[in-house]
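Here chain A shows up in two complexes: once beside chain B, once beside chain C.
Up next, the complex of A and B:
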């Protein structure tokens, strides 16, 4: 049973929004007492996905949730955009694949940085990515 | 006898101005510490004059009309100068609203007999002045945004210094996030300094970069490649333990780049590349 303790919703429209969003994620992580390594992993993962949203969908929304399951607490981030969607999810999750001119590590790398990773995408409608990082995960 | 706001503005201008000044001077939000009564009077007079000049029966119903451009300009100037003088947006908004109050007061005295017309006119007036106050707010925010924009530029300028720490060795401490525009500035500064000083080693210190994601890594790799093309070696230093772990998990390959944990060890490495040795003098006290 996953319980949500707090919610924080942010809108991302410009590159300038990346840093404040990252700071909000960090605040939430610090609040539940996450260690510095996991904090950095979570922030980096958030940073990757926010940049993806900006680059491929022109912006979107980020929902920061503090969740707990039993004694374990964690941060769940939900990234929602109304962009073009991802045509081949399997291909997008491969290391080194990119439709832009980037390193192609954003999605697969993010998955390795967090404990739970869920990607849903409908072509022409948008993409929703949910990631979860446990405090001691 | 003036029956509409247009007539009122044109015929009873002086009376209206006196009334408006009176309203402002008796208001609790009066800031005589920021602006003298004479200044306030001059500012208000300018606005009322301009408004009386352009308003007609036709356009008084269309606040978007181009006829009001002159008034908008004066309003923007007033709002901008008030922002600089330290007025709060609320005070500037109240300033416009007090004009409405003055006009309605006068109108009410004139139209005591015909409430229907009073209502129609005051509705017109509300629409027009709402538009005016929105403009003052817009200008106010624009003024603030300009300040923020200028500061952003200043920050990106001051935070990318290239320092020559030894003959032939440059150091570039990066503080904050590396985005595309920032990387451009960093790269330009660094490459130019390499040419200017004839240096052969550049140390990029990322101790002050809060997170290294794949975009930041890509920018770093690009900067290193460009430095190599110039014939200089590039060392990345200041990689904190958590950053190292994150980079590995992300799958970023930095193995082609010389990386060090601290600026000191990067400098040591640079000395060894230049075949320099640091020796402590023996038997001699440090003077």
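Up next, the complex of A and C:
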């Protein structure tokens, strides 16, 4: 059973929103006592996904949750946008694939940095990505 | 508008990044640095990221770009002071910073540059004096 202990909702519309968002994720990670390496992985993952939202969907919303399962605690981040959606998720999850001009590391790289990664996308309606990093994961 | 200062140390340029970079700031740094290399004829660039807690793929790409661009202008770039957690994250993300020289700290970065430039080059001998 996954329990949510706290919720924090942020709107991302501009490039300048990236840094404050990262700071809020960091605050949540520090609050549950996450170590520096896991913190860095989580914040980097968040940074990649926020950037994706801005680039491909013109912005979106980030939900930061402190969750726990038994004695384990973690941070769950949900990124929701109303962008064009992802046509081929399998392809998008491949290293080196990008429809933009980036390195194509964002999605597959992000998945490697966290413990749980879930992507749902409907063409023309938007994309929701949920990632979870356990404190000791 | 924020700006990241570029210090001149003899034939090298030193950039210490002490704020969280957002995209525009990073892109400005890229062009400022390239212009500065062109203007001063610097032979080496040291980018100190010891105060940077996050390097994502965008930031990594900027570092790679700076290294390539300065090389074309006959200057080598060394990224110094990367935090261990950042190194771990970068590699797991899949970004190995190929083509970018790295050193543990500024001092070792300087000696790496001096080795690369060979004994004929005039060595950096004065302290930081020029800011832009």
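As a convention for this text, the second predicted complex is superposed on the first by the 137 of 137 C-alpha atoms of A that agree within 3 Å, B and C clash if a C-alpha of one lies under 4 Å from a C-alpha of the other, contacts with A are read in each partner's own complex, and residues count from 1 in each chain.
We adopt the following convention: contacts are C-beta pairs under 8 Å (C-beta built on N, C-alpha and C of every residue); 3 or more make two chains touch, one makes a residue touch a chain.
Small disclaimer: the values here were computed from a predicted structure and weren't measured.
Q: In the overlay, answer first, second, both or neither for which of chain B and chain C A:44 touches.
A: A:44 contacts both chain B and chain C.
Q: Mind working out whether A:69 is in touch with chain B, chain C, both or neither, as first, second, both or neither?
A: Neither chain B nor chain C is touched by A:69.
Q: Taking the superposition on A as described, I'd like to know which of chain B and chain C A:109 touches: first, second, both or neither.
A: both
Q: In the superposed view, which residues of chain A touch chain B and also chain C?
A: Looking at chain A, the two contact sets intersect at 15-16, 18-19, 22, 36-37, 39-41, 43-44, 47-48, 51, 95, 102-103, 105-106, 108-110, 112-113.
Q: Write out the stretch or stretches of chain C touching chain A in their complex.
A: 20, 22-24, 53-58, 60-61, 83-86, 88-89, 92-95
Q: With touch defined as at the start, can you tell me which chain A residues reach chain B in the complex?
A: Spelled out, the residues of chain A in touch with chain B are 15-16, 18-19, 22, 36-37, 39-41, 43-44, 47-48, 51, 95, 102-103, 105-106, 108-110, 112-113.
Q: State the interface residues of chain A toward chain C in the complex, per the touch definition above.
A: Residue positions touching the partner: 15-16, 18-19, 22-23, 26, 36-37, 39-41, 43-44, 47-48, 51, 95, 102-103, 105-106, 108-110, 112-113.
Q: Write out the stretch or stretches of chain B touching chain A in their complex.
A: Answer in residue numbers: 152, 177, 179-180, 210-215, 217-218, 241-243, 245-246, 249-252.
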